[in-house]
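Got some structures for you, see below.
What follows is chain A paired twice: with chain B in the first complex and chain C in the second.
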Partner chain A sequence: MSRYIIGRLISIIPVLLIVSFLVFLMLHLIPGDPVKNMLGLHAPPEAVEEMTKRLGLDKPLHIQYLDFLKKAIKGDFGTSIRTKQPVIKEIKDRYPYTIKLAIGGTFFATIVGVILGIISAVNQNKLWDNILMVLSLLSVSTPSFFLALLAILVFSLYLGFFPSIGIQSTKHYILPILTLGAQSVGIMARMTRSAMLDVLNQDYIRTSRAKGMSEKLIIYSHALKNALIPVLTVIGLRFGGLLAGSALIESVFGIRGIGRFMVDGVLTRDYPVVQATVLLIATTFIIINLIVDLLYKIVDPRIKY
Partner chain B sequence: MLIKSKVLKRFLKRKSSLVGGIIIIIFILVAIFGPYLTSRNPLDIDLRNTYQKPNRDNWLGTDNLGRDTLTRLIYGARITLIISFTSVFLGTLVGLILGVIAGYYGGLIDNILMRTTDILLAFPGLLLAIAIVAILGSGIMNTMLAIAFYSIPYIARIVRGVVISIKGLEYIQACEVIGCSNFITIINHIIPNSMSQVIVNTTLNLGTAILTSSALSFLGLGVQPPHPEWGAMLSTARDVMRTTPIAALIPGVAITLVVLSFSLVGDGLRDALDPRLKNN
Partner chain C sequence: MTDTILKVRDLKTFFQVEEGLVVAVDGVDFDLSVKETLAIVGESGSGKSVTALSILRLIQEPPGKISSGEILYQGKDLLKLTNNAMRRIRGNEISMIFQEPMSSLNPVFTVGRQISEVMIVHEKISKKEAEARAIELIKLVGIPNPEKCMKNYPHQLSGGMRQRIMIAIALACKPKILIADEPTTALDVTIQSQILKLMLDLKNKLDTAIIIITHDLGVVAQLAENIMIMYAGRAVEFGDARSIFKIPLHPYTEGLLNSIPKIDENLKRLKIIEGTVPSPFDLPKGCKFSTRCKYIMKVCREKEPEYQSLKDNRKVRCWKYSGAEENVG
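Moving on to the complex of A and B:
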């Protein structure tokens, strides 16, 4: 097991290196001169020269990348062109909000999605199954930002249950987490249903029934455990979706998170901010998927390394 | 023909997919013939009539600049249709070519292509789209390119899997034995036999493309004002949620309905093309 963990840890290093290289390249792929892009076409030549030097753009490409990498490992992503503050300082302030939203959304989606998926599978092709599957499809098809606006309209403006903006207390997290996770509820429910149906058709389930085992015990002790393996993969993938999707939710609820920081960076051509946030979200996603990989062993002892 | 009519019969049997199909046809017709349905201009500003509730002149009310919401919705369908179909077509075409090459030839080229898709899949979809917009800039064209680009690795992986499973079958080997060139085998046998998977995924991708393009426009990174894109319309309307909620409800419901329809049709096509998958 420990050999596998070390092996997997080492295997993400090349992925991280390539991802970081792509993020580094972003600045060079921009059509035209990136410095003029940031400062405006009519920027004085001295300012352009100063910025080119500050960003290290006057050096050869491979040296620039090594510099970028060295600094990135230390958490140094340069200073924001807009706020003139070190990017890392803003990230430290904002990252916790986004992570809390993504983790909350994933938990919500997993718990509700798995429960709905089980109910659907057990009632296959009956009324409840049909209703739940239509609802799950609806949740997958509704844009999260539209759902968030609807939630604000109903629960904040009309009913006054929850605050509509900001993130000062636990209560502030409820609507953003629910609206961020809603789309994934449908995905989880469909995945759980399909995995459960696969398992429920296996021979050992028929044997358990023949033995006279109660249906409840069969579903929860045999079927669910085995159905959770494919669901686990989806949890890892959805987490990435929620991290990126938080940009939308943060924008609707006025939360100062990483996603909104990234979007503001793109809008104002603040490339150090864009590079730092894209790299951070991609790295978090890679690490979460690594953790999911390792969790397989716990969920499924048959997997040998 | 017999197979096609069987597939169609199975598809039509599923009521929800049929409803989805009808909604998509209406959506496409509105997008194409939009300008004939209304004599108004979606960009015409009337500052004396901002944020009107639905009335006889403006059936769905007006927006922050007094522009007719129904007209903007109709023209928005056109933009949504162009972005989603073009980007998904581009992404599918490139993904299909790369998937076939990787699956059919295998070896080093397969390894290189699949490791590249691994890297691209390390970026969550929306993040990749935002990163591409950050490089290329906003606008309709770049939104299409961003969506096309991020759907390539998904399609390539699916097609590769299908090609590998077909490649080992006897009729492909028979074709090779009688001396078919690789090109002929791919064009005449491999691609037609992987089409059902491609069609299902393309349909589902259309829904995802609409969600992504509206998300980008909502964030101000996609289609720029004054173009009447549905996500951008929703973004404009959010400031007046309390007083004129209908301004946000209309584009939001339109996006949801069209995306839902593509999902229903995609599900229906999957069941119709491969009945073994039914119930799963």
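Moving on to the complex of A and C:
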């Protein structure tokens, strides 16, 4: 088991190398120049040249990449071209917001999605199932930024329940988490429904009935534990989606999170920021999926590492 | 018959499927006495499993439905019980083991839990007590090292072991009736005979009546006192095992018994019953076996024979014996 975990952790290294190389390449291949972004289009050529030199952007690409790697190993991701702050400090400030949003959104989506999925499966093809499946389709197909704007309009502006901007208190988290997770609720509900329907047709469920177990016990214990196996996979994948999707929500709710930081970085060609944030998100995603893989073992005793 | 514990009368179960209505069980009657072993024999699709599932009301509805009949267990009609009352009977007074030991146990729970929970549910005993009894049960079904087995998951056990666990679960609450739906079909021959012997031993120990559903006449010969033969959802013959093996009355039973190769017979090809089972959507008008029967008469094609009682407590559904009891034996 511990050997498995160590192996998986080590395997993060090549993944990060590939990710960093691809991001580096892409950033430098797309048009746009961070220096011109910073100094303006009509800046004197000498100033541009001096700044380019100072940022090390005049060196050949492979040297730039190796420089980046050398520093990154030491934990130095450079200074943001835009904010002039060390990238690592910016990330430390911003990362907690994003991770809280993503975890909150995942929990919200999982709990609500699984419950709705069970209700749907148990009432297969009946009224509740139909209603829930239409709602889940609606949830899957509503873009989160649109839902966020709608939520602000209704809950902040008209009803005044929640603040519409910033992230000072727990109350500030509610709307962003709900809107971030909403899309996944539909996905989780559909996944749970189909997994439950599959499990409820298994022989061992018939055995449980023949043993005289109550329908409640059969559904929430005997069937659910089996149905959670495929659902767990989706949780891990959705978490990655929410992590990346947080950029939109952070922008709408004015949260200083890492997603928004990354998008701003891309827009201003702030190379160090994009590199660092992409690597961080990739690492988080890999670790969460490692945790999900370990959780499998708790749910399904047949899995061995 | 003495001390009837289960009386099934005119049981009719159908399934509404896309292609139409399938009447899987059509008017089945039988009695089961205390401690009796009854074998229900028939080929796939003859309605024997559906009969068993109907007794415990385990038919999935929809598409299935028990449309009529009575299932009298100790005088109570099980078909009229509330779902809760029925649940108290299942696994407690009437329990069931299934054909597929590989998939009949829940893969994510330990064997110990799956045995003890049936006692916790029905006898309201503590978890500790239930576990102690589960260990005893595992011992009873002949698995070595029961404490270790308790903590095993089904995938860690062989097919034969799993079927033993299924038997332990089924017998945990000392049921009056055990329904075994092809309990040995999925097992290899040596394990088959072990499991059958175990069932027989336990039946004698616990005084449980057994309904064994099978298409394997070897199993029947080893276990059953009485036999009911089913064909196309109907009971076609009933009698004690010895007489049926000696003198089969119904042409179908005769065909079944003839299809078993004898050890001293020198055959090039195995004997078969000509033709195939009629499609449930297109059953013949008269006797359902008329399309394959070698004794066919005119009346067989026109009218379905009654299920009539003959002497020696035998029953048959065949025109050959209508009003001619003297033909028997």
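The criterion applied here is as follows: the second predicted complex is superposed on the first by the 261 of 305 C-alpha atoms of A that agree within 3 Å, B and C clash if a C-alpha of one lies under 4 Å from a C-alpha of the other, contacts with A are read in each partner's own complex, and residues count from 1 in each chain.
As a convention for this text, contacts are C-beta pairs under 8 Å (C-beta built on N, C-alpha and C of every residue); 3 or more make two chains touch, one makes a residue touch a chain.
This one's a predicted model, so the numbers in the text were calculated from it and none came from an experiment.
Model built by superposing both complexes on chain A: chain B and chain C fit together without a clash. After overlaying the two complexes on the shared chain, residue contacts for A:I281 are found with chain B alone; chain C is out of touch. In the superposed model, A:A210 lies in contact with chain C only, and not with chain B.
In the superposition on chain A, contact of A:L17 is made with neither chain B nor chain C.
Contacts of A:H222 after superposition on the shared chain: chain C is touched, whereas chain B is not. After overlaying the two complexes on the shared chain, residue contacts for A:G241 are found with chain B alone; chain C is out of touch.
More residues of chain A are touched by B (comparison of chain B with chain C). Of the two partner chains, neither chain B nor chain C is touched by A:I165. Using the contact criterion defined above for the overlaid structures, shared-chain residue A:I30 touches chain B, although it does not reach chain C.
Rounded to the nearest 10, the angle made at the CA centre of chain A by the CA centres of chain B and chain C in the overlaid structures is 80 degrees.
No C-alpha atom of chain B lies closer than 13 Å to one of chain C in the superposed arrangement. Looking at chain A, you'll find no residue that touches chain B in one structure and chain C in the other. By the touch criterion stated above, chain A contacts chain C in their complex at residues 202-204, 206-214, 217, 222, 225-226, 299-302. The touching residues of chain A, when paired with chain B in their complex, are 15, 18-19, 22-23, 26, 29-31, 124-125, 134, 137-138, 140-146, 149-150, 152-153, 157, 194, 197-198, 240-241, 243-245, 247-248, 251-252, 262-263, 265-267, 271, 274, 278, 281-282, 285-286. Taken together, the chain B residues at the contact with chain A in this complex read 16, 118-119, 122-127, 130-131, 133-137, 207, 211, 214-215, 218-221, 231, 234, 238, 241-242, 245, 248-249, 252, 255-256, 259-260, 263-264, 267, 279-280.
Contact residues of chain C toward chain A in the complex are 56, 58, 87-92, 95-96, 98, 100, 103-109, 117-118, 121-122, 153, 155, 166, 169.
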